[in-house]
Structures are given as C-alpha cells and as structure tokens.
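What follows are several structures.
Shared between the two complexes below is subunit A, which has subunit B as its partner in the first and subunit C in the second.
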Partner chain A sequence: MRRPAILPALLLLVPGAFAAEPTKPAKPPALESSCVTCHKDLDGELQQPAVMAAEDIHFLKGLGCNDCHGGNPQAGADGDLDAAHDPKKGWSGRPHRKDIPVFCAKCHADAAFMKRFDPKARVDQLQEYRTSVHGKKNAAGDERVAVCVDCHGVHGIRAVKDPRAKVYPANVADTCARCHNDAALMGHYFIEIGQVDAYKKSVHARALYDKGDMSAPTCNDCHGSHGAVPPGVESIAGVCGTCHTREATLFRDTEAKKGIDLSACIQCVMCHSNHAVLPPTDDMLGVGDKSTCTACHAAGEPGYQAAKEMGEDVVRLTGTLREATELLDRAEQAGMAVGPDRFALKKAGDQLVESKVLAHGFDLGRFKEASTEGIKAAEAGLTAGHRAFAELRFRRKGLALSLIVIAAVIAGLAFKVRQIERGGGR
Partner chain B sequence: MCVSMLYPVARYISPPEVPEASTQSVVAGREGDLKPNQGKIFRFGEQPGILVRTEDGGYRALSATCTHLNCTVQFRGDLKQIWCACHNGFYDLSGKNVSGPPPRPLEEYKVNVADGEIVVSRA
Partner chain C sequence: MNWPKPGRIRDWIEERLELSALEEMGRHKRVPVHRHSIWYYMGGMTLFLFGLQVATGILLLLYYRPSAGEAFESVQFIMTQVPFGWLIRSIHSWSANLLVFVLFVHMFSVFFMKAYRRPREITWFSGVALLALTMAFGFSGYLLPWNTLAFFATQVGTEVAGAVPVVGHFMLKLLRGGEHVTGGTLTRFYGFHVAVLPATATLLLGLHLLLVQKHGMSVPPAIESEAKREGREARTMPFLPNFLLRDLIGWCVAIGILAALAAILPWELGTKADPFAPAPAGIRPEWYFCWMFQTLKLLPGHVLGIEGELIGIFGIGLAGLVWLLVPFLDPGTPGTGGRSRLFSAFGVLAILYMAIMTVWVYVAPGG
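Entry: the complex of A and B
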C-alpha cells in the first residue's frame, strides 16, 4: 500500500518550506519521521498522534514515536507498514490501558535517562502512583481508574509549566473534575461528586483564579499528585500546615501542652471546611450564631469564656480599624496629610492578622497581647483621624473669618476713599 | 481684640503639612545603627520598608509588605532571610519569594550611603 507522501517529502527538501514566523521554534527532527509522515495521512484516531505531536514535550525534547512505541521511524514512508512496525525493532504498538503507568515509567523512572533532559527531574512518579488510590486500584486490575494519560493527555503532552497543560495549576481542578464530577464513574466507587464545585467557591480558588496566584493550592497540593489520596483525619493539620505553618504549629503545641488528643474532634476542617474553605470571618470566633467555637465549648466552660473574649476583641479591633481607615481616607481626600498616621495604623492590621493566627493556640493570654496592641494602634489611628478633621474644621473657620476680615477691611477702605473724595470735592 | 482676630487668620494662612507625594527617597537610618546580620523597619512614604545589613557589611532595602496578605515582614538573622510571621513566608535578601505562600517577590530598593546616612530610593 503506497501512501501519498511525495509532496511532504519534497517540501522537506525545500529550505524554509515549512518556515512560519521567525519566532516559532525549529521543528524537532522527530517530526520528520516516517511515523508522522504516514499517520498524518490517516483519519481519526490514527491521525491524532501525528497532528498533536508538534507541540508534545517529548517531541520538543527530540524524542520520537519510536522512543515510546518502538518500530523503525526511518522505514515505512514508502508505505511499507511492516517495515515501520517491525517487532524486531521493538515495535510494541499501543499499550493496554492498565499497563500505561509502567509504560511511561520505562523512561520516567530511569534517573540516568531523565537527567539528560532535566537534572532535577523526579523519577518517583510510578512509586508514588502505587501509593495512591488510583495506583492501588490499577494494580488490582481496575481499568476505569485514572492512569498517566487521563491527567497529562496521550499525545500533545505539555510541560507542567505550560499554561495550556492539563496539569498547570489553574487547570488541575478541571482535569480532576473530568472524573470526579462524573456521577456514573464515581458511583462505582461510592464517592460523592461536587468537590471541585465546592473548591471553586473557596478562598484558595479565588486566589488562584481571580488573583492569578499560582502558589495558591489546588487539588494536588492537598491530595498529592501522583500519590493522590484523601488526607486522613490524623494528617489534616499536617496537610494544611504545609502552608499555614504557624497555625498548625500553634495547634500542635496545644495538643502537646495539654496532653489531650484533639485529633478526634478538632481539626482544621471542623471550623474551615475542606474543599470549600471560605475566607475566615470575625464571627467564626466568639459565641454568636456563626461561631465555630460553640461546636465544642458550651456556656459555663472556660473555653466558652475564652471564645467570647476573643470574639469581642476581634470585632472591636476590626471595627475600630475600619473606622480609622475610613476617617483617614476622608481626611486625605479633604487635603490633610495623614501619611505617618496611616503608617502607624498598619500595626493595627498586622496585629489583627496576628490575633487571628494566635487564636489557633487557644491561649487567651497570648491572644490578648496581640489584640490589645492592635486595638491600641487602631484607636490611635482613630484619634489621628479626628485630630485631622479638627484641624480641617479650624482651617475652614479660619477661612471664613479671614474672608470676613478682608471684606470688612475692603469695605472700610472703600468707605474711607469715598469720604476723602467727598471732602476733596468740597 | 486685634490679636484675637488676627491669630486665626495667621494660623489659617500658615500652610498645613503638605500631603506626601509618592515618596521616591528616604533616609532609612545612619551608618552604625545596624550591626552586621541585623535588620530594621523604616517608613517609606505610607508603607514600611525593611533595611538589612548583611554579614559582609553591605545594605539591602526592600518593601516590608508581604506580597501574600500585606503583613509586615521582618529579618531573621538566624536564617539570613526575610520572614513573614503571618503565614511563614520567606524571602531571600534580594526579595525573591523562596518558600511559603507569598506569590511574588518584595520590591527591591536602591541603597546609597552618603555622609553617614543610609539613603533608600525606588529603583
């Protein structure tokens, strides 16, 4: 069977025939193999690898089809399929779905090989995968469970840092959702769906999507990438603590100091939820309707009283800080200089954050040190704002008075001039 | 009576403290204020800056507002890094965010020493 490969072959001989914009990288030599030449002329599924190869990270690094599938990339351009797909040349064809992790690991678990492309490349992906729920089920023969290609793509695989990659931080949640929002698929494992929808309402997602903060956590930051597992109750504080270190340390110190096991009832998720971690609000502290403290502390307990005092301080600090900020804003708009006062007020904001962090230690004494200092700074800001407005009012009155004086002087002068003119006239 | 009328007028005429335009340069301190491997916060307009004296005696100045949630950062002599206590973010002495949640580096300022004064300016 001959394939119409003459034209592409001729074009390859013409320098610059495929040259597009000068900014585009040079075409990898692997794209000129007989595999690509023939598969481009096929239809559907068999054409896709050749079409998608142009932007595949493997091709861009100089690897070709035969590096994964074997065969002879120099043969077959004349239509000799058997020569191209020669088992003696290692032709293995399309791997079976359940074998894909091992198939990819032929290179990705080979440290010496991977170092040729990236000296820092990880080579433990398969090992990690085997610890994951996906990997364990794959090893048990489950063919529905996620394998490498479900997250990374089959052909047209892009580097993690490429914003178009399925595993780029901003795309990870949607990649996971392809399976984890599939009720029929998840039904096989008795797993509920909706985690990604909940995540997309969270403070983490807002930072990632709205602020473009690529360091904000997405699915794999808490669950792991290749070793994805749901964190157990005992490890939740550790998972959250990878970013929220101080809160986690304060929380653990509480456990250690008091010698009580908090893991059973109090963990991060109890107050903050898991996928839908919402921005912390002041009324999460205290003993009001939205308090998370009252889930464990009943009225009359020391913990209840501590929560009440913490709540009151945070509300007072936030309110005073907001009032002082608004007052200084208005004073500045009215033309008063409030730079030093704004600088001093920053301390109140810092102490507010500090107080909220210290709340995780459940130590009222330490908490109050920070909140009291913050309230003092916020009140000083408020006083400075009032002082600026007092000065503004004074200046406005001064303007009115000086205008009256100037008007009186002008009137007096005019009167005197007329008097002199009348006297001169006589 | 004349004085009581003229005083408010004179007070009104005397110009108020002028609101600061965006500050381009400040004196952050004097030579000798800081020992090697020590840092301090200084006021740069309405925002805090951090001045660090490195172990070799040089100076580094950066914005002291953490790029994560705007907390004021501090110098950690034991780690020779800049640290944000709020969420344990770390920056190196060129302001690069090296660990923790800060998404961006701290703005770096120019430092000049003239007549014993450490002058910090926006780059």
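Entry: the complex of A and C
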C-alpha cells in the first residue's frame, strides 16, 4: 500500500506539533523537485504553491508536493507535464473544496504516521470537525463553510505556535473574523456579525493583546477548534468553568444543595455578557443602578436582600482596604517599617477576591464568612496605619525633646570651656 | 555592717591599679593650638563613633539571627516590635556611614598636615589598616539584613575579589563559603563582622592610640617653621579638661545629627533576598566603595589583551600600596619644599577622583 500522499495541510492541525522547529534548517530536498521548479515559472495562483513552499511546515519536515497531490516529482523538468502529473503515480491534482477535511485527514488521522513527527500528536481533528457546525454542513454538501485551509492556509502553512500562523492565539480572532465579520456570508446562515469586535473590547482580549498572555481565551477556547460550536444554554457555565473553575463549582454546588436547575434561570452571560466580557466591577453586585442582580430580583424578595447585603459588604471591604493601603503607603514613605502590617493586609485583598467568587454560589452565609473576615483584616490594616502615624509623631516629639537636651548639654559644655579658658587654662 | 568610706575605696583601688599614673599622664598631656587644630578632633570623633558602633551592635546582637531563613525577619522584628529597636538599628547604620566619612576626613587631614612624618610612620600604617578594617566592617555588615540589594551587591563585590589573579578563586570561596552567595556566606560575614574584625580592630586601635599617646599630636611643618621664625614656642592647651570638653561638644553634635537621621530617615530594610530572583536594576555598593566600583565599570573589557577588570584591580591595589607607603614616599623637606607641595597635590587629586567617581555612580542613569 502506498504511503498516504496527503500530509500537508494536516500537520499544522496539531497544536505545537513542530514547536521546536529549528530556526533555519537546511533547504528541504522537496524544494528541488520538478513540481517546484516548474510551478515557480508559472504565473498567478499556480505559482503560489511553489513560492510559499519554502516556509511551509510540511516542506520543512521533508514532505513534498507529491505527498499530498501525488504525481512524479522527478519527472516533468523536461516539459513533459503528463509524466509529472501521472495518475498512475497517484496524481490527484487540486482536491475539491468539500473533500479537503478528508484529504488532510489521510495523514492527520493516521496515528502511526503522525507519531513520526510528534509522539503526542492529536489525530482526532476530523472526528472533532464532524461534530462542529462547519463539519456538519460540510458533510451535507455546503461548500461555503470553513474547511481546514480556511483557518490554516493552503500552502505556506505554519505550526500553531509560530506567531505568524493564522491559528496562533493572537491571530485566531482575526482568522475567525474573516468569515464571521462577513455580513453577506453570515447572512446565509442568519448569524449576526460583530462578535470579534465585541471580543476585542473584552477583559480576555485585553489580557491576550495588551498583556501578551497567550493563555487568555480567544474564540477557539470557548467554542472549540476543530469541533467549533456555539455553546448551548446548558453548557455555558461549563464552558466558562473550564477556566473559572471555582465559580462553576459554586454554581453547581448551589444547584445540588437547593435541588434546583439554576441553569434554567441564570447563566454567566446574563451578568457578564458573552463576547464582550468586560472587567467585573463592584457595583455589579448590590441593588444600585448598575446592579445585575436587580434584573431578576425585585425589592422585597430574599434574593434582593441578599444582593443588597453582598453589595454593601463589597463596597465596605473595598473602601477600607483602599484606605488602609493608602495609609500604610504614606507611613512607609515617612520612613516607618510597615512590612508585616502590609503582609497582614494581603488577607483583606484575598478575602475580597474570595467574596466576589463566593457571590457565584448565591449563598449569603458563605459570602458573609469571607467578607466579614476581609473587613476585619482591612480594619486591622487601618488600625496599623494609624498606629504607625502615632509612632511617627512620638518619634518626632522625642527627637525635638532630645535635641533640646543635647543643645542644653552643648551650651553647658561650651560655657564650661569658656570658663576654664578664661581662668587661664591655656 | 560598717560600709567603707569613699576615700578608703579610692585608696583600695589605687593600691592595686595605680590609676593616679594615668591621671597624671592626662594632666600633662597637651594639644597644640594653631589654625589647623580643628582637624585634631577628627580622631576623637572617629573613636566616639567606633564606640557607638560597638554599643549599638551589641544591642542588635540580642535579637539578630544570622541565618538566611531568619536574618531578614529578625531585623524586621527589631525595626517593628523591639522597643526603640528602630532607633538602635538606624543609629548603627547611619553611624557606620558617618564613621567611614569621618575616618576619610581624619586620614586626609593627617595626610595634608604631614602628621605621618618620622617618628609617626607606624601610626600612619595602623591608621590605614584601621580604615581598611572599617570598610570591611561596612562590607560584611551590609549583607547581614539579608535584603535584595545587599545580596546582589555582595555577589558583585565578592566577584571582584574572585577576579584577583592566582588567589582570586580562593578568596572568593573564603568570602562566600562556597561558589555562591548563600546562607553560608551570611553566617560567615556575621562571624567576620562580630568577632574577627572587632578583635583585630581593637588590637590595632590599641596600638594606634598608644602611638598617638607616645608621640603626641603632630604639628604641621608650616606651623612649626612659623613658630621657629618668630622665635616663640608653639601654643598648646591641656588635654584634660579643655580638649576633652571640646571633644564632648563635637560628640554631642554627632549624637544630635544621628538622632535626627534615625527619627526622620530610619534606615530602610527593603525586601528579603531571593537568590533565585533576577538582579534588580541599579545595583551598587555602599557609597564608600563606589569610586572603585565606577573605576572597574569604566574600564573596557580588554586593554592590550589584558582583562580590563584585572587592570582595575591591580591599579586600585597599587594605589592602596602607594597610600600605605606615603611616609616613605613623601620627598619633601618638612615645611617649605616645593616637591612636598606637589606631593600634597596628589592628595587633592585623589580626593577629586574619588568624589567625581562616587557622584558619577549616583547621577548615572539607573545609578
């Protein structure tokens, strides 16, 4: 049996498959083939594969055009196209768009073959793809939906960890936007556009683009890569919970404790939105104008009262913590050693975060335990700050008094010296 | 029970210790009086600050713990929990710096007044050695709080010692107690700081004071010549009580300055050293090492195929040796010789060089 001839587009589907790629390997022998030699002399899109091959991960790994397209890479240099494009040598030409997933999977679904390049290589991309909206529509014959090459490129395919790759985390949103921001294309599926624009304002995008945190979520982290689907209502908490594990666990704990299906009435997106997940603010809790709680809980309901108490505690804890921090900062600038107090104050900050997390359990009792402890720690920090300033005042007064005593001693000594020397001490 | 009368106690002590001999010596000790007499107070000031270091150092010892795991915390405890611990530690640190400064002033005043002249050569040698010891006190004491700056400054400082040809690696291992700066280095520096250096300094100080006592205060050659020309004897004042009372005034001023510095600018502790953290920007040694630090920094990597750092170390070592041998190298006839004045000009140049290099470290970007 002939070795599957299709490797190319597929290796790229393995995240990090070739992450440790040497910077400048020797020129791959496949670039010397007759395919590259002839296609380089052509124009337009027939020239492109030969030009782009030089940086293609498959070529860099020693694979050639014929490994995907078949044919004879040794023949044809003399102009004999039939010899190069010989069907007997497996020449299949350009695959039909709808067949591309299977075309790539000939290698990328072959575990034994892929292990030659990466022992941990995934080989379930096609299987995943078939579960996605893209894959289902592709199977139904829809040629407009995304196939491998739409996200990874056709030729000039790069490893996922290559910052120039279309599927590098920082580039994923723009890659998705190429279709999902296309109003005409999306119109066929009755899908709104603008998700990527909303995402780019989110706290996740700020972490990814501004802080360079490559672990921050982008499109595929919530929707899946090859098995991309819009998360259903029932799975949103699960999707967010893959990163925000504590919040998700609290959510599920409350469901189990109260024996209710919380998901039926509340989901992460109701308070935090979906693509435009903005940084959470303290006033999202409570019953103020910007409260997200009052969207469901009306005055007089127990939930309203719980939201009110949670909001008040968070405001008090945040305010006291800020005041204590500022006071300790000023004491430190004045020369006081407040390291241990500052360390103790960290507990207030930790409890503030803990309280905000516990808010996702909708359990006022548990929330209060954390917030009360935090408020106590913040107040202790405030007391420490005031104590530091009291000590500073004591030191200054002590200094003034000491200087007066020292000055008096100096005056006394000077007087004595004068007295002795006037008396003929010389 | 019949208590002995005070007079009898004095007699009892006198019979055994003969303290009256010392009293007699003090009564006869006289200090020259002339326009440069103010520099005579520098020696006493140095001695006073040394005593202050000993006293505050002993108090710090009551709480300090010399291990990588506890040093920082123990100093933090001294600064925040021990009553007046902040005052003691701040005075110890400020006073150490003031001591080095006054020592330099004392040394240069001796140099310019040519007080190293025969027969005071050994007094000069012991003084230069005491300066070196004081700098070693500073270097070893700097690490003891085990904070980030001290940790990396010690790393850099000991690396310089390691670059000395032949014995460098041995010295580096001797100072660090291994290849790297670790808790072992801290324990070792503590040993140097509270035992080896104080014992050596006390012996040298004893010798220095004995020689000062033996030879008396040196009068600058110019003043001696003036007196001779005018046919009069140089003026003097009794050490007890006139000079000592004036000394006391200076010491009170020093106490006042130290109290103000401790209360207004308590010595910082910084953050605990983390040997695995990257070195922070702007690492520099204590100010009195800065001129050497900057000299080494300015030298190119290689000069005529020889490592720049090596040339720097050799140059600084040679300068130290020349400075030590000053009593033998001064070619001038005491008093008026032009060559002697030229020799003094080298002292001015040395001060200028050290001052410019030090300021450079502090004003340079990231310095």
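Heads up, the rule we're going with is that the second predicted complex is superposed on the first by the 369 of 426 C-alpha atoms of A that agree within 3 Å, B and C clash if a C-alpha of one lies under 4 Å from a C-alpha of the other, contacts with A are read in each partner's own complex, and residues count from 1 in each chain.
Rule of thumb we're sticking to: a residue touches a chain if its C-beta (ideal position, glycine included) is under 8 Å from a C-beta of that chain, and two chains touch if they have at least 3 such contacts.
Small disclaimer: the values here were computed from a predicted structure and weren't measured.
Engineer: Contact-wise, after the overlay, does A:214 reach subunit B, subunit C, both or neither (first, second, both, neither)?
Structural biologist: Only subunit B is touched by A:214; subunit C is not.
Engineer: Looking at A:244 after the superposition, I want to know if it touches subunit B, subunit C, both of them or none. Which is it: first, second, both, neither?
Structural biologist: So A:244 only meets subunit B here.
Engineer: Thinking of the overlay built on chain A, is A:178 touched by subunit B (first), by subunit C (second), by both, or by neither?
Structural biologist: Neither subunit B nor subunit C is touched by A:178.
Engineer: Counting only touches as set out at the top, which of subunit B and subunit C does A:122 meet: first, second, both, neither?
Structural biologist: After superposing on A, A:122 lies clear of both subunit B and subunit C.
Engineer: After superposition on the shared chain, which partner residues are touched by A:368: those of subunit B (first), subunit C (second), both, or neither?
Structural biologist: neither
Engineer: Of the partners subunit B and subunit C, which touch A:409 in the superposed model: first, second, both, neither?
Structural biologist: Only subunit C; A:409 stays clear of subunit B.
Engineer: Is it subunit B or subunit C that touches the larger share of residues in subunit A?
Structural biologist: With both complexes superposed on chain A, more residues of subunit A are touched by B.
Engineer: So, does A:353 touch the first partner subunit B, the second partner subunit C, both, or neither?
Structural biologist: The first partner, subunit B, only.
Engineer: Is A:417 touching the first partner subunit B, the second partner subunit C, both, or neither of them?
Structural biologist: Second partner only.
Engineer: Does subunit B (first) or subunit C (second) touch A:395, or do both, or does neither?
Structural biologist: A:395 sits against subunit B and subunit C alike.
Engineer: Do subunit B and subunit C land on any of the same subunit A residues, and which?
Structural biologist: 335-340, 395, 398-399, 402
Engineer: Going by the contact rule at the top, pick out the subunit B residues touching subunit A in the complex.
Structural biologist: Where subunit B meets subunit A, its residues are 5, 8-9, 11-13, 16-20, 43, 45-48, 69-72, 85-88, 97, 100-103.
Engineer: What part of subunit A is in contact with subunit C in the complex they form?
Structural biologist: Against subunit C, subunit A makes touches at 335-340, 395-396, 398-399, 402-403, 406-407, 409-410, 413-414, 416-417, 420-421, 425-426.
Engineer: For a test of understanding, state which residues of subunit A touch subunit B in their complex under the given definition.
Structural biologist: 207, 211, 213-216, 243-246, 332, 335-340, 342-343, 346-347, 349-350, 353-354, 357, 391, 394-395, 397-399, 401-402, 405
Engineer: If you look only at subunit C, which of its residues touch subunit A in the complex?
Structural biologist: Residue positions touching the partner: 33, 76, 79-80, 86, 235-238, 241-242, 245-246, 248-249, 252-253, 255-256, 259-260, 263-266, 269.
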